[in-house]
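Read from first to last, the chains carry the letters A, B, C and D; within each, the first residue is number 1.
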Amino acid sequence: MIILIVILTLILASALSFFLGKNIRSLEKIVIVSSLIELAAAGYVFFNFLANGQISLAPLFSLDALGVLFFCLIAVIGAAASFYSIGYLRAEMQKGIITVERVNIFYVLLHLFLLAMFTAVSADSPIFAWIAIEATTLSTAFLICFYKKPSSIEAAWKYLIINSVGLLLAFLGTMLFIALASKGVEAGEWLNWQSILTAATNFNPSIAKVAFILVMLGYGTKMGLVPMHTWLPDAHSKAPVPVSSLLSGVLLSVAFFLILRFKSAVDLAAGADFSQHLFIGFGVLSIVVSALIILRQKNYKRLLAYSSIEHMGIAALGFGFGGIGAFAALLHILYHGLAKSILFLSAGNIFLKYGSTKIKNVSGVLQALPITGVLFILGFLAIVGLPPFGIFFTEFYVFSAGIKTQPVLAGLAIIALIFVFAGFLKLISKMILSKKPEEVAVGEANVWTYVPIVILVIVFVVASLFLPEQLKTVINLAIK
Amino acid sequence: MTLAFIWTIQIILVLGLSPLLIGIIKKIKARLQSRQGINLLQPYRDLWKLLHKDEVISTDASWIFKFSPYLIFGLTIFLAINLPVFARLNFPYVGDFLLVAYVLALGTFFLALAGLDIGSAFGGFGSSREMTLASLAEGGLIFSFLVLAIAAKSTNIYAIAGFVSQASVFYLLPIILAAISFVMCLLAENSRYPFDNPSTHLELTMVHEAMILEYSGKRLALIEWAAYNKLFIFAALAAGLFLPFGLSFGAGIFGMLIYLAIFSLKILFIGVLVAVLESTLAKFRFFRLPDLLFTAFILNILAIVLIISL
Amino acid sequence: MTPILSQFSYIIAIVVFLSAVGFHLSRKNINLVFLYILQSSAIAVLLFIPAIQEMDFLLLLAAVLTLAIKAVFAPYFFLRLIRRHELTFTSNAYLSLPLTLITLALLAGLAYSHVFKSFVDLSGGNMHAVSLAIAAIFVSIFLSINRRGALSQIIGVLSLENTIVALTLFLGVVDSSGLDIGVSFDIGVWVVIAVLFLSMIYKQFGSLDVSTMKKLKEE
Amino acid sequence: MAISALPPFNGFFSEWLCFQSLFSGANLGGSLGLTFLLSAGFLAFTSALAAACFVKAFGVSFLARTRSHEAEHAKEAGPAMLSGMGILALLTLVFGVFAGSISGLLAKTSLGLSSLAGSELESVFNFNNLQTPQNFSAVSAPAVFSGLLLAIGVVAAVIYFITRKNKVTANRTWDCGHDIRQGMEITATGFARSIIVIFRGLLKPTKQTSIEYHDDEMRYFPKRQSIDVGRDDVYQHFFYIPLKRVSYWLSEMAKKIQNGNVNLYILYIFATLIILLLITVR
């Protein structure tokens, strides 16, 4: 019923903001109230889960260890993004970029988006999860073409088409899994993840392989692995910043979450090394290609999008190597979500101040936006994986697990990471540390724009330095 | 106790005989050029004269200029202890050839600094040329010792001398190669003919002379004498290591006397060799000297490979 | 699956496959929409059969709903769009006609090849229908690759969805009707959004030709 | 002096140990032996070149006349700074003289490290003398130091005794009659120029002369002539620039993936699907 509460609040919120329409103040109040409820629910679910294991909350919903982790991730970043969007939209309205109806639509779609993600994570049956993911695509399609520019429409169109094709492949994959699972049992019985796992041992291996490939490709497009990543840079760079931080911080990992669900099934059916080869292949490919593009990237939002692809590649690589790598990959997803949203939100501030996403006409951010500048540098340190932040440890474990089994590929990936560091360093030196042009005024847009980022940084530092015990137990449970 | 006694003999030997050796070399060179040449004791008189002349020191010079002659001369005495004059005794802790090479390098180091100290153009390029030559020659020097050290399985100069005296015929070729390269290094280190003309004051060619241009009086005497000692030490090393015969005669005073005679004969032979070389070879252009020194180094490598494959 | 039923489902599979190939051949948008109606009604018929057999009210409702959405609701929107913007002709494809046909043959060959022979033990009687449905899936994916027109891309995606549902029905998967309703409702929303996008693109770019949208690339 | 490995200081004894290990490696024979041998040779050359470099560095900066106005009025650094350097200098001497016992201490560290287990320092250290196994060679640090000190002391005393009567006058440096000007002194580039020319194959020195004449037609009376002597950085030229070019070319290739055409993107997905299917279900 906790999930129901969250779902209901979100439906209510989106409906209310739809009808309230004009006055902004009430819209913002609704956003605050709903995100607080989400956070409370996440906290309750987390500790409740620790207390008594599997939570099956309602006919349609059930949360296991993996689900709880992502549930909290969505709640934290969702709350931060919605708080930030209040400030962001207020600033945009002052600058006259958007009118009031746009803000109204934004909030309605934002709630639907969060609703879809929560259901996807806590869905019990694979098809129900698929419907939820399809709903995320639909809700974000309009969010991407929020600014009525031709380029954002083009980005939204590509996002819609590529993701629909991908998801339909995933739909076919899930259907094949269900066909395999329901061979034994009579019709109409309610199929959920558990029943697939139990039936997995007597699947026909080659069908299971075909099904897993379809699922991998389908949700891989949603997750942004390389051959299917083409929509990601366009969508993330054109979408408004809170949305793109949610997209790359959370939605990619939710897609990865679904692949992991099927991975345990296919491991039983066709042996573990099949899925591991796939993971390693896609992982290395996405790291290398995105690293190469990051090296010469001219637009900082696209650069952040490519770095999400690269980090998803690392997570896939982690699961590919297995053992400690799997534990590290899960942790990596959580940390990446936090770090990426820090970076995207502070990039939003920069965009508000300079109005352009090109690196060359942004300079002297540290003087113009002192707080955001510092936050951006912290984000940079985190995302590139320097020691004080958690991503360093996770990458370290992933590669230490990898070096033993696949030294060549791990080496290649590490070299690619160096390219990424070079690309980011160019970005930082050109934009943040350079001289400020005179006409740019000093000072943040408004309070709302940097407070959420600061909270995120604090949460990130706390999570990365002292790994709470419960988090570890939950992750270990998740890997089984 | 006998050790200290032998050491004093060696020091006296080196200090005493070195000017004589220079005299002999000059005499032979003059003879070859059908000149009368100086009489053999002339170097002693020069030194004595210099020791008693007044001295002029440049205002710009620092303490290095004043102190380095003493150090350079002191080094030659220290090296005198290492000479393989009497092979029988082997005091293990001093006679290492690396030590010899690096003490020589210390000498050149301070000589070059002194050359720079006076701030004249001559001192500057003199020490620059000296340092280039020294750095190239040092490799060859160390490796010619190494050839013998590997053959004799020990780097102690006395042990090497002992080994070479009864080495089998297979070792002949490597030792000859080492000897050739050692002679090249000898000529380079003591700025003899193909590398540098010891007696000239012509800016274009002089290396060693340029550095000591500013010295006068007792400091010039010390430096000249140190140069003579250095040549004598090289000759003694060559004699002891490469010309092995007659090393270990009887123990007592009588054995030593006979051996001293043989030793001085060998030194004489090397002096003649140097003089002949000097008068036959023309002076090389400065930038062709590295090729000469590299050949010395390669000869040593060749010798070592031969020894190892034995 | 009684033998009569397997023959009948094979016929349905043929209809689905031919309509998918028909999409490639048709020049005018209106043909596209009619073929789509044909295809989705074939799927609806497939849904009706088990519903009638067991007279399960919920299944019947699901079948009626899918029929309504796919055969009536979506085409209505498309026709309204076409009439409003006079989009009679779809823009041409990348590959010339003979070449497309060759690739379609190749794709069908792949569907029938050894890759999917393991589906036999799942498909009960109608293995032919299953492999035909797989071929139809590949054909519809190829449609959205080959065509430049935005409308034909959307039709490609919708036909992909139809063929997948057909394949699952042939494989004898009878999951609960609730999920069927969910899926078809999802498709309905998708069509609405797609049509909205089409009108936006038309307003912004003046034509539905996708290749004009080339701006977003790495400079 | 310490860094260019001159005897009484620690540089010499550490280099001495390096040489011993290289020599012991040399008589392993075969290609391995040769590599040890060559590396010993290069070590000898480098230490000699290091000595040349430090003569240049010390000589040009400290010795002879000051070359610039600021240098004219340079004042000695404060006592704190001097003592800092002083202590370290003293340490080099102390480490040099007691090299034996100190390397004995250091040898114990290698016992702890498992990776170095096999290579415990065979050299025997008894009372400050460094000695390699099968007494291949030995040197005693204190003996060297005391010997040098003694020799120099004796010489200084004797010479002082002999020449205490002579007068020592200070006068201008003799420079073939010209008056000494700043330009006379050798500069660092001049000093090192001969070594650079010798190793020109490696260092690729560049020399560019430019002459300016009084009037252009008559090329006999040069008004001003300047020689620009340069040397481009070898590492940058051979290693970093090609690396940059390759990585930029690769990233250009990678960018072609994103060329904006939707159909192509779907083709990517379709192609990966078919390839994977063919690969897995073989």
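We adopt the following convention: a contact is a pair of C-beta atoms (placed from the backbone, for glycine too) under 8 Å apart; a residue touches a chain by one contact, two chains touch by 3 or more.
All figures in this text were calculated on a predicted structure; none of them were measured in a lab.
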item	value
Co-neighbours of subunit D and subunit B - touch as defined	none
Most remote chain, CA-based centroid, reference being subunit D	C
Which of C-D and A-D has more C-beta pairs touching across its chains	A-D
Subunit C and subunit D, separation of their C-alpha mean positions in angstrom	74
Length of the line joining the C-alpha centres of subunit A and subunit D, rounded to whole Å	52
Computed distance of Cα centres, subunit C from subunit A, in Å	31
Between subunit C and subunit B, distance of the C-alpha-averaged centres to the nearest whole Å	98
Sequence positions of subunit C contacting 2 or more other chains	115, 118, 141, 144, 153, 210, 213, 215-216, 218
Per-residue multi-chain contacts in subunit D, two or more chains	255, 258, 262, 266, 277, 281
Where subunit A touches two or more other chains at once, by residue number	157-158, 161, 165, 206, 210, 293
Chain contact topology (line, ring, star, complete or other)	other
Chain-chain contacts as defined at top	A-C, A-D, B-D, C-D
List of subunit D residues in touch with subunit B within their complex	1, 4-7, 12, 15-16, 19, 23, 26-27, 29, 33-34, 37-38, 40-41, 44-45, 47-49, 51-52, 55-56, 58-60, 62-65, 129, 131, 134-140, 143-144, 147-148, 151-156, 159, 162-163, 165-175, 180, 184-186, 190-195, 197-198
Subunit C residues within the subunit D interface of the complex	94, 110, 114-115, 118, 141-142, 144-148, 153, 210-211, 213-218
Residue numbers on subunit A that touch subunit C, as the complex places them	125, 127-128, 131, 134-135, 138, 141-142, 145, 150-151, 153-158, 160-161, 164-165, 168, 171-172, 175-176, 178-180, 182-183, 187-188, 190-191, 204, 206-207, 210, 234, 238, 293, 297-298, 302
Subunit D partner contacts - residues on subunit A that touch it in the complex	157-158, 161-162, 165-166, 169, 206, 209-210, 213-214, 216-217, 221, 227-228, 230-231, 233, 274, 278, 289, 292-293, 295-296, 419
Residues of subunit D that touch subunit C when the two form their complex	255, 258-263, 266-267, 270, 274, 277-278, 281
